[in-house]
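Below: a set of structures, written as structure tokens.
Across the two complexes that follow, chain A remains constant while its partner is chain B and subsequently chain C.
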Partner chain A sequence: MRRYFKLYFLLAGAYVRSRLQYRLSFGFMCFGIIISEACLLGLLGALLAKFRTVNGWTWAEVVFLYGLGNLSYSLMRILGSQLDDFDRYIVRGELDGVLIKPVPPLFYLLASRVELVHVSRALTSVVIFVIAFHLSEIRWTLDVALFTLTTILSGTLIMFTLMLVSATVALWTTKSGKLTDLLISATKEATAFPISIYPLAVRVLLTFILPVAFVTYYPAQQLLQKSEFLGMPESFQFGAPVVALVMLCISYLFWCSGLRRYHSTGS
Partner chain B sequence: MIKKYLTFTVKAFQRTLTYRFELWMELFINVLFMLVYVYLWKALYTGQTSVEGYDLKGILTYIVVSQTLLTFTFTLRVARIIEEKVRTGEVVTDLMKPIDFQLMTLSTAAGTSSHTALFNMLPKFLLFYGTFGLSLPPSLLTLLIFVISVVLGYVILFSLEFIIGIFAFWLVEIRGIYALVIWGLSMLFSGYFLPLEFYPTFLAKVAAVLPFRAIIYFPTAIYTGQLMGRSLITAMLIQLAWVVVLVGLGRLGYRAAFRKLVIQGG
Partner chain C sequence: MPIITVEHLSKHFKVYKRRTGFWGSLSSTVSRQHDIIRAVDDVNFSLERGELVGYIGANGAGKSTTIKMLTGILVPTSGHIDVMGLTPYRHRKENTRRIGVVFGQRTQLWWDLPVIDSFELLKHIYEIPQNLYKQNLKFFSEMLQLQPFLSTPVRRLSLGQRMRCDLTAALLHNPEILYLDEPTIGLDVVAKEQVRQFLRQINAERQVTVILTTHDLNDVEQVCQRLIIIDSGKIIYDGGIDALKERYGKTRMLIVDLAQAYSDIQLEGVDLTRREGNRIWLAFERDTISASEVIAQLTALYEIQDLTISEPEIEEIVRRIYEMGVG
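After this line comes the complex of A and B, so read on.
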């Protein structure tokens, strides 16, 4: 275990150093992320200033959802960016090199790329989230703090597993292009709004198949003291960690079965 | 002369055909994206009839058209391709050919993008058009002008990516600038998320001096009939001006880069 920790920091450290060689680029990217987050919030504000509420959710509550989803998303992006263009490894035959390393392939892949630029996104979403927390008049207690923390970690895991499944598909299809990136962006976007605005089919999709409703919507019921379950069991508000663990098992098994049938492209 | 460049277009079109599965999945996810926005606006408009000159049908049409046009931003990879060519040194073979580098890049991109337009954007649009009962442009002439405006917007988007790509000659690593311009500025000021009429005054003023609204907002507002008569002509002139400026900057940039490359080689 300790060996893995050491190895993780060694590999991640090497990657971070190599990225910091291009300081200007790094700076631009952080700047770009912060600007776009701030402006997006401005637009969201402009929108809700005109309309007051979305299906009974106030501006503060929507920002709360947005901040929560974004926080999980940015944590996942820091740790799991490697899966983003994983197909590169297959197209160029670099996966073979990873497979002969004396550590689990997934561990090696994740450790060898830790994207610190997304820290800027994480920090912005922390600020957004704290403001939204304040606006929604939630009282800070130990329970609330623990629940929030669990929710964020589960959310990060859920998004990570979706990314893993999507990346694994490339083991069959060779190329997946920007699919993973697109899928994650689309689901992240979907979590920024209360899922009550979608028709039943989309709600079922976001609850059971791409379960990102557990990243924001269901836990928010508990935190914002709402009870809008749309016919789903009320216990779903505590469901995030369970969903995260189940998804983790499923996606890891899928990943392993993908690796077993992997044939090198030979190039 | 033109035939030479058309070959690039045709080849790029055929290359895209190879990855069928990828294209279907991309379409599915795009549809999910659009559904999010369509339902958001439906929810926002409950109990409202008209906001900033858009009724529900008008706003849904705007959102679907702008989201469809956004696909170009998602799928165009000009900056990435140039960066890769510079890093691997492959760019040297391109520069040795007796062809114009900018024109060659544009005709290759046009091949990939016409495939996207035909097999992704058009079916997606028709699906939403049928399902949500959207409107058509006010007249056949408007439709024609819309198409021209889309092409102008496309050239502007291409030129921006081209310029970013050219930066690779100096910076090697351009992911930062790309993220800043394309994912940051362009996403916010192109008007894909909501029509520019909804922007707060300050953001609207910033949007007015940047080229991004010419990529998505202008063509979309022409389609919905929001821009008509004089304002339509102004919009298209602004588009033309940006085309001239950005294509020109791209040319200057790549000539300078080309000279720099020669110095390194000698």
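After this line comes the complex of A and C, so read on.
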């Protein structure tokens, strides 16, 4: 275990040092991310200024959802960016280089790309989240802090598992970049609004199939003292860690079967 | 006790047929037909510890597929592989600790970092003890003269320098077997010679078993004691290089510059294989006729300006084997 911690930091460090060889491009990427975040938030503000509320959710509450979702999203992007364009590994045959190392392949892949560019996104989200937290008049207690932390981590895991699944598809099809982009941007957008704005079919999809409703919507019921469960069990507000673990198991098994398939076809 | 045993090894790939046109692609998504490609087909060989083997074949002959099965990247369709008592795909991790792999076309080094950083990372990945690491690093950087560019980023190295670093990277953890997939591809003559010299040396001094695939038969001729030729997934030759020359290299070639363009050239026991202006190429068998007899026949009939005899090159022999199969 200690060995893997050390190895993780060494490999991640090597990637960060490689990236910092190109400081200007790194700086531009960070800058770009912050600008695009600011634009999105501005858009959100403009929309809400016009409509005041979204399905009974106030401006502050929607920004709260946005901030929460974005925090998980940016953590996932920092730690799991390798899966963004994992198909590149297969197309260029680089996965073979991973398979000849005495380390679990998924560990090696994730450790060798920790994308600090997305720290800029995480910082913007923290700022947004703290403001929204304040505006929603949530009282800071130890319970709330722990619940928030668990929610963010579970949300990160849930988004990560979706990314892992779409990356794994590439082990069958060699290409999956478009699927990853689609899945990730769609789910990211879905976490920014209360799912009550969607028709039932979409709500079911976002709860049971691509369970991103557990990243923001259900936990927010608890934090914002709402009870808008739309016919789903109220216990769903505490469901995020369970969903995250179940998804982790499923996606990891899927990954393993993908690797087995790669082992037998090499493409 | 062989270090590698391969028995009845086969690897078949399904290749799905795609029909053309809209209806074609629609119907091929519904009912998929496939061909079976026998990339490796019932291959048997075994290697003793310390052997230096060239594994050659045309593109798509099954070389890389075999190497991928030996390294544990691919699972065989059928057959048995034993590498130091392990089954590579089943004991992938244990196996990787005991082998080194160099892909000539792709570096295993960290592209943007100084060379030494890659070595340090590999030290941790393979859990190489510090003193062994120091010792090996010293050994290889002296042998391959890495010192001048140890702190240069890999992307700024020449191809030859990079290959020397890749060789070191593959050997730092003291592997017992070294697999090289086209290690000299794209290198200039000097760099190629360095790589060959190095392979001979680590084989002799460290008893590393070496398997290399290559297109450059000079690699094989200068480095390997044994040659395995694979074609369409089947092994068509396995044995010493001298034996190969002995068996298939009996045809010698006499190249003659004649004083004038004779219209008809007829000699006994000799084939006229090529003609360019006044220059002719005459092939003859070592067993049936001697060079001096051919020359005697020639000088009796024609006026000669110059002549040379060429012994069969391994390149030529292998080309002939590819073209005609083993006779």
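FYI, the second predicted complex is superposed on the first by the 262 of 267 C-alpha atoms of A that agree within 3 Å, B and C clash if a C-alpha of one lies under 4 Å from a C-alpha of the other, contacts with A are read in each partner's own complex, and residues count from 1 in each chain.
By definition in this document, a residue touches a chain if its C-beta (ideal position, glycine included) is under 8 Å from a C-beta of that chain, and two chains touch if they have at least 3 such contacts.
Predicted model only: the values in this text are computed from it and were never measured.
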Greater chain A contact set [chain C / chain B]: B
First, second, both or neither for A:Val202, with chain B first and chain C second: first
Partner chain in contact with A:Glu189 - chain B first, chain C second, else both or neither: first
Contacts of A:Thr173 with chain B and chain C, given as first, second, both or neither: first
Which of chain B and chain C A:Cys39 touches, first, second, both or neither: first
Touched partner set for A:Leu24, first chain B, second chain C, both or neither: first
Touching partner for A:Met76 - first (chain B), second (chain C), both, neither: neither
Contacts of A:Leu47 with chain B and chain C, given as first, second, both or neither: first
A:Arg3 touches, of chain B and chain C: first, second, both or neither? second
In the complex, chain B residues that touch chain A: 19, 21-22, 25-26, 29-30, 32-33, 35-36, 39-40, 42-46, 48, 51-52, 74-75, 171-177, 179-181, 183-185, 187-188, 193-194, 198-200, 203
Sites on chain C touched by chain A in the complex: 13, 65, 68, 71-75, 77, 89, 92-94, 96-97, 99, 101, 103, 106, 108, 110-113, 117, 121, 124-127, 153
Interfacial residue positions of chain A with respect to chain B in the complex: 22, 24-29, 31-33, 35-36, 39-40, 42-43, 45-47, 50-51, 54-55, 117, 173, 175-179, 182-183, 185-187, 189-190, 193, 196-199, 202
Contact set on chain A toward chain C in their complex: 3, 6-7, 10-11, 14, 17-19, 21, 92-94, 96-97, 99-103, 260, 263-266
